[in-house]
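Got some structures for you, see below.
Both complexes below contain subunit A, partnered by subunit B and then by subunit C.
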Partner chain A sequence: MNMSLELLLATPFIGGLLTYIGGKVHRWVRNIFAVLFSLLTLGEMSLFYNTTFKGDVWGSLFGSKLILQTNPITWLFLLIVTSISLLVIVFSVDDMKHEEDHIVLDSYYMQLLFVEGAMIGIVLAGDLITFFMFWEIMSWTSYFLIVHGGKKSMDAGYKYIIMSIIGAYAMFVAIAMIYSKAHSLVYPDVALVLSQSSPTFTIWIIILLGVGFFVKAAVMPLHTWLPDAHSEAPSPVSPLLSGVLIKMGAYGLFIIFYGLMSANLAKNIMPSIFSTPVLLYIVQWLAALSIVLATFLAIMQEDAKRLLAYSSISQIGYVVLGLATGTSLGVAGGLFHALNHAIFKSLLFLAVGAVIYRTGTRNLSDLGGLVKKMPFTFVALVVGIIALAGVPPLNGFVSKWMIYEALLQKKEVFLLIMAFVGSTGAFLYVYRLVHSIFLGQLSQKHENVKDVPILMQIPMWVLVIATVIYGIFPGLAMDVIVKGMKMFGFAPIAYNLYGFPQGSTMGALKVINIASVLMISFVVAWIFFLLFSKSRKVSQYDNYAAGQVVTPELKYNYSFGFYMSFGRVIKPIFKISIERIYNYWVDAAKIFGDYYMRRVYTGNLETYNSYIVIVVTIAAAAVLLGGKIW
Partner chain B sequence: MVKMILIAIGAPLVAFAIGLSFMMIKRKIVARIQRRYGPTIIQPIYDVLKLLVKEDNISHGVIFSLGPIIAIAGSILAVFFIPMAGFSMLTGSGDLIALLYIMAIGSLGMALGAGDSANPNASIGISRALTLMFGYDLPLVIIVISVALQYHTTNLSDIVAAQANGNWTLWTLPLSAIVGFVVTYGALGEHPFDIVTAPHEVATGPMVEYGGKHLGFLMISHAFHIYIEIALFVDLFLGGASNILIFYLKMFAVFFIMIMFDEVLPRFKIDDAVRFYWKWPTVVALISLIIVLVK
Partner chain C sequence: MVNLANPILLIAIPLLFVFLIAFSSAFSKSIAKYLPIFAFGLNVVIAIMIIPDVLKNGLVIATTAGFKPPIAIDMVVDRLSLFLAIIASLLGFVVSIYNVFYIDEEPEEKFYALFTLLVAGVIWMIITGDLFNLFVAFEVTSIAAFGLVGFHRDKGAVEAGFKYLVMGSIGGSFLLVGVIMLYAATGTLNIVDIAQKSAELTFQQKFLAYALIFTGLGIEGALFPLNAWLPDAHPAAPSSVSSILSGIMTTAAIYAIFRITNTIFDYNQIYFFLMFFALLTLIFGEVAAFFQKDIKRMLAYSTIGQTGLFFFAFTLHSTNGLQGAFMQIINHSLSKSMLFLIVGGMIMQVGSRNIDDFAGVGRKMKVSAFFLAVGMFSLMGLPPFFGFWSKLKIIFAALQQTNILMVASVVIILLMSVVEGAYFFKLLQAMFFGKPKQDREIKEASLGMLTAVVVLGLILLFVSFYPTPIIDFTHQAASDLMNKNYINLALKLGGL
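Up next, the complex of A and B:
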């Protein structure tokens, strides 16, 4: 028996406990422990990287074996989990310094490591019990992380955990249903049961498990927790939530669609539309709606982190859309986009976190002109937004391109149009982000802002480099993805280190050519530019104002309501709010509770006593009359 | 190898020359429509040269100066991905879908630069530019999808090749071609879509703080922009061309019709422009797409 997976799984949990204890000694012991153990986890991960473990039995419960296993897809997700966690912990060291209460900080680091461990457990799980166990640990620890963010985060966390619990219940029911049939919850056994059961049973299982994953992946209409939770959480936690945690939902969807339920099975038990099983087709539409509506919402935000949170819903829409296409190219695109989104969204959240660290606000209209004060953070954010907008040669482009090609091949034109619209809309909100924070007029109160300390810069550097590398060399990620998808029965797709040859796709792509020609033309244009006389630098107050004189006291900046005129166009869409529908039900439940339940549970001791008397009397009467109570 | 280098140097120069010649002709035609004589035909060349050699240039910072440079770099990049008169150049490295995003690089660079000028007029201009882009992008992607499905490829060279012998997309998909024209028209910012620069409202918008060599660079990039938009239209709908003369004539025909519209229309309000694009062009483009799907 090989203990390596158990070791990988245990490291962050043990590390979390040691970190907490270390915090009692000194805060530096705690910080070093936290960084060290997440580094150790990453080290172990890279040591075993790309080896396939068929199944390590690590225990048993209710007669069902508990199994840890790996395949190339798990390594892809483990790479995301371990590396982003490490970067987040490094970033936290300086970012969370302002927190005075050491007990809070000790538990903060412990929870960070626990979330990392829980996510590793989810990915490594080879049976549904292990999966569910770590799924719940993840939900709870991430809830505690969210509520570290201050007063407002309490409500956000509450909403998050309520929705997570609903999802978890749905999953639990599904797991119990499977167990009652199969008496084993190991993936191959589950797959066998699903293929032999009646279609209704299988469809119910998929829907129930799907609800759990949809909540976590924040696919509309189960997304309402995400904007609050991701924006109210502490700055270093947001990248972990947006970059990694919602990917667990995507991973879960991948497992049920292609692990537990093979594509053929889905085709056999339900009708197909555009050669997609109808259930997956519905998932595609939900994902596409997420893309478009979340994009519209992101455009209208005034809060930097809320904007990014809505953009996460939109981007996870691409991942789910890709996964639900069912073709090799689409699923590969979805998985690749999961990796890319983890990289660039973490980068963006860290960059915004850096701005919050220095200025103390995330309100877009309070910021502006910071490019001269925080040049490095600016570069990091610009790289992130270019990747997010899907502009070549950075990484977001390649995976989106694959999803577009996959949809085009299947002739699912309406979904394709929606995916395109979401991507163009991304130009709007990413420009708003960079403009309102870094461009425009520098306000006087930010005259003395500096760039962030080196420990906060390093994580951003790493992610910037990763964004560029995966953008120009998509083959690096495709090696793992294609190898893993072969194990799930997908046809291989033709690719090379720099992109895709024409053949399996409708057009060719070679990102290195795009990147190098862009570089060359940039250098040529720059040299041409330098040929002419040097320019004189002027202050921001030396500016055209139709004859007025711009003074430091005068706010001469356009930032609030940046897309107001566009808002007027899309206003009719916002008349429908999913959150309002949920709140309506919450209110209804409250009224029901207040009005009807209070009649029974009066809170009055005498009423309760009389209930006892009534019940006992009935029971006694039943026994006396010769009946049996049970 | 020599041929490759010649193409690499020649293509951007030819593209620039074509764009510049259109700028020259436009001023002359506009003057005639307004019953003026207008400036001498090489006036735009004088303008660019005068701006480039100005001694006093002002800059608001590094990003401000980088804006025009990225605008030109992005334009040159896009030129290589559009087949020009029989030369397919880099179309094997990026297809039609990639081109849609490559075309955005220059504009986004320019947007960053304009934002750094710390002038609200520039910011409003960019806000309008992006909103307008969102507007015309919806019909644009629909017609791009229609064309791709029509020829079962997204490779632009293959699309041009499939239209050989006068079998133009204009004849096979007339509705898409009309929408394509309206979209190209909006992308060039002609009346009634000159919302972005609108001199009377936002003082030329993004360009408000640019002067001297920066503005000269922006004029050069505008010449490229005219070439890219119209060349893409010619490749998609008018069957490209086998030699540069026919290519030029086709482009000129498109441009000439545009000027005719340009001079007689007033300006849209920005939200009305978006509403316009999301209404009729989108509906017509969808009808055309459905025709392709059913066929």
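Up next, the complex of A and C:
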């Protein structure tokens, strides 16, 4: 009925191959192909705005149909995938120029497009085989992107791929269990099987699928791959990982909670706490813990990208928390936050990537004072952090507000407090980012730094604009979300272009008003500042420290261990490292395995022959016993 | 007009060429190089010509010497043995091309003769219709393999060859004793005939013969704990030989176990015990592979693990399980033999088998490394490669029996897949992104060797992206085996 879904899915894959071949001709052919094909994908995707296709069969395997489908919710995720991929590819053109080996670059662009295609496949999938297939393709293609980042990225990528495989195989077991019951893996059939099976079976399915999605979404305690992978990956890849890839986990959670489990199923098969099914309640707590702990960890980072990586864990916590509330408002908030986080986190990673591009370091204590040298990047980063901190009128505010409101309506005070703590902590770490990179003393070696080339600025401009637009007009996104959620059986929520009207249970929200009030107060404060200013401009070396005159070689404002005192307060929490626990078990398994392997395969012929004798002896014993062993 | 679509030719041609190679070397050494290519090229053609017959009738029987089957030696080709024979011929053909450029050590003509004999023996094992011929083929294969494993004549090769010789001979003896016991009990050697009479056997007659045959074949077929010769033999042997040993020879022995268990004895009670063999083979193979520093030894242990996987699928004793097993056999044969060929080329360039020395090789030998990655991904079962479809099938088949044992087995299989991913990715990572250790000039493998690799690689890619015919075919082959069509059709077609 429509080949266009297949075309949308095929475009990035074909584009990837053509890009690779184009690289053999000339590097600009490759660059242009990469940009064109991602643009084409975005264009094709935009045609599906507000459309719904169910069950577009593209093949069959082992008696189960393979289906592509689309609805407004998938469109939302398609939007995230395709737009961020395009921006990342545009950003890469200049950022990756330093790589001399052209075959590495050719395959880099190919893999970028492959990852995009795989994610489109995940979102469009209408059955679990298609879903799982593209899920695995996404895992290994993104692995190759991560390891492009140099020596340290190899360990990060290795950890990432192993954890991904473990998560994927957990899903695999669940999928096979469903298949054994239904012999079909199309979503409606799966939903039917889940609703008819025993509660234990259904709960196992949810847990196994959930583990797979939790690994990818990096919800604690399965997050340990993320800080390494996201920080060690090349700068343009980090936004793709942080902004988009982990959202696939969120999408998966949405699908199992609200697509595969029909509306009341979860409530019927398990007890509820705070009118939330207990499994979802646990998910809420894991998400809330992710928010708080990852925020604390982000505060303590010295590495700009690692800081952002931990921040991603915390922000995806909001998404999952919203999705797990189960109310219309909360789920809508979670979905909206997925979009918003994709926008502002990509913006932040690109801005930090721009700084790395010019200075070659991402160590916060080595940077400083770049505001005059890279004014545009500064603006982009500031917009990004304001959005991340959830300050109106930028986009992070509305979605966070929706999640808070949903928690408030459910009277889940503890979770609400944790979400607030995460938000407050976010102020600390984002301030650190601005302060250490752009304010303070300019290091001498960064005297000649310029702002980044135009091709790297464009993606940031686009994201800055998107941040503002979705912040002031949340209705734009809510159009899609509410329409899509209606198809999954959620009660529609009232909204308008500027926010939410006064409802029976919640107050009105009009972002533009809040924004104007904020703006006006800001302007007033500024006017006062200008009028009654007592400050005086001095050179940054017109200063003294410890009784000595400050020279350019000396660093006079400290930026290492910025939140050290805070760190001392929260230190006891981090005595237990989840990663150490995993490593302990892996090491134990290795020692155990090595020990026994050496004892089995000794390399000694006598030992080997005795094995044969043992087998035959057992068989002979069975004969003597007259087959009594069974 | 001679009917060329005759299974006997599949054995007769390579055997003839073995003699031709031996003779021709007296006149010209360079002819011997190219003769195996012709032999297995012809074999591939003949195997393809048999396809229509097999698809039409389900079974092709060829008798010799003008006798009728219970007395005469006969060759029986059904769908299962057909696709294995095709794979064997194909691998023989491709690896022969590779050999021309790979083997540079004397005595070359003996190598080619033994190599041809090895593949001929494997094909013989696959298509033979009676048990004594199975034993003969087993011995032919083993003798050729002993010589080839020790071909390099350094200390490691001789030691490995000797270990293999001792264990293989023990295996052969057990097989022979088992066959003799069956002959004594039933008075016949024909597979179909024994299958007919096996119902009358007492438990002792049946089980002891089965156990001995199983042990004999299990040694060759790399089943734990009988497989200890394998990790030594593979690294010591020339890579092209490892490719055949790993790709099809162990599989042929496993095939024989399929036949004995399923077709001859229809031994339903034994599957439960075989499953433990399979799982242990899987666990020990994969875990041991993880700790290897020697790249070929790693692949050898991985072969053990993969054997465990498809043997596990076989022990499920269902059409779906068998289909999964067959798909995995195809996947493993193509991928693993390709991997050994590639690794052989890389070792020539690097000059070492140590994994650490392979750092950065992937960026120098791009084509080789690309297909290496494809092969490894397929073995790991990552989509969209063929291994994904077969692993999907095996897991689906396993979980069709929803008892806790099956769930545990599936968990073990997937855990071992994670281990497999761990060592394959470790190697790939070092190869593509590692810093080269020494400034050794590393070039791409020679064009002839690459040809062999690329042919296998393209076949693997083709079946990956277009798996439907293979899926249908293996499904048919599996239901043939489940429904005892081998016996039914043989009776109908005068195989007895």
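We take it that the second predicted complex is superposed on the first by the 570 of 630 C-alpha atoms of A that agree within 3 Å, B and C clash if a C-alpha of one lies under 4 Å from a C-alpha of the other, contacts with A are read in each partner's own complex, and residues count from 1 in each chain.
By our rule, contacts are C-beta pairs under 8 Å (C-beta built on N, C-alpha and C of every residue); 3 or more make two chains touch, one makes a residue touch a chain.
Quick caveat: nothing in here was measured; it's all calculated off a predicted structure.
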| item | value |
| --- | --- |
| Which of subunit B and subunit C A:Tyr158 touches, first, second, both or neither | second |
| Greater residue coverage of subunit A in the superposed arrangement, subunit B or subunit C | B |
| Touching partner for A:Glu412 - first (subunit B), second (subunit C), both, neither | neither |
| Subunit B versus subunit C as contact partner of A:Ile137, first or second or both or neither | second |
| Contacts of A:Gly369 with subunit B and subunit C, given as first, second, both or neither | first |
| Which superposed partner A:Val434 touches (first subunit B, second subunit C, both, neither) | first |
| Touching partner for A:Phe62 - first (subunit B), second (subunit C), both, neither | second |
| Contacts of A:Asp189 with subunit B and subunit C, given as first, second, both or neither | neither |
| First, second, both or neither for A:Asp127, with subunit B first and subunit C second | neither |
| Common interface residues of subunit A - those touching subunit B in one complex and subunit C in the other | none |
| Subunit B partner contacts - residues on subunit A that touch it in the complex | 369, 371-372, 378, 382, 386, 389-392, 397, 401, 404-405, 408, 411, 413, 416-417, 420-421, 424-425, 427-428, 431, 434-435, 439-442, 499, 502, 505-510, 513-514, 517-518, 521-522, 524-526, 528-529, 532-538, 540, 542-546, 556-559, 562-563, 565-566, 568-569 |
| Footprint of subunit A on subunit B - complex, ascending | 12, 52-61, 63, 65, 68-70, 72-74, 76-77, 80, 90, 92-98, 101-102, 104-105, 108, 111-112, 115-121, 123-124, 126-128, 130-131, 133-134, 137-138, 141-142, 145, 148-149, 152-155, 203, 208-209, 212-214, 216-217, 269-271, 274-275, 278, 289, 293 |
| Subunit C contact footprint on subunit A (complex, rising order) | 61-62, 101, 103-104, 129, 132-134, 136-137, 139-140, 143, 147-148, 151, 154, 157-158, 161-162, 165-166, 169, 172-173, 176-177, 179-180, 590, 593-594, 597, 600-601, 603, 605, 607-609, 611-612, 614-616, 619-620, 622-623, 626-627, 630 |
| In the complex with subunit A, residue positions of subunit C that touch it | 162-163, 166-167, 170-171, 174, 203-204, 207-208, 211-212, 214-215, 218-219, 225-226, 228-229, 231-232, 269, 272, 284, 287-288, 290-291, 363, 366, 377, 382-384, 388-389, 392-393, 395-396, 398-400, 402, 407, 410-411, 414-415, 417-418, 421-422, 425-426, 429, 432-435, 471 |
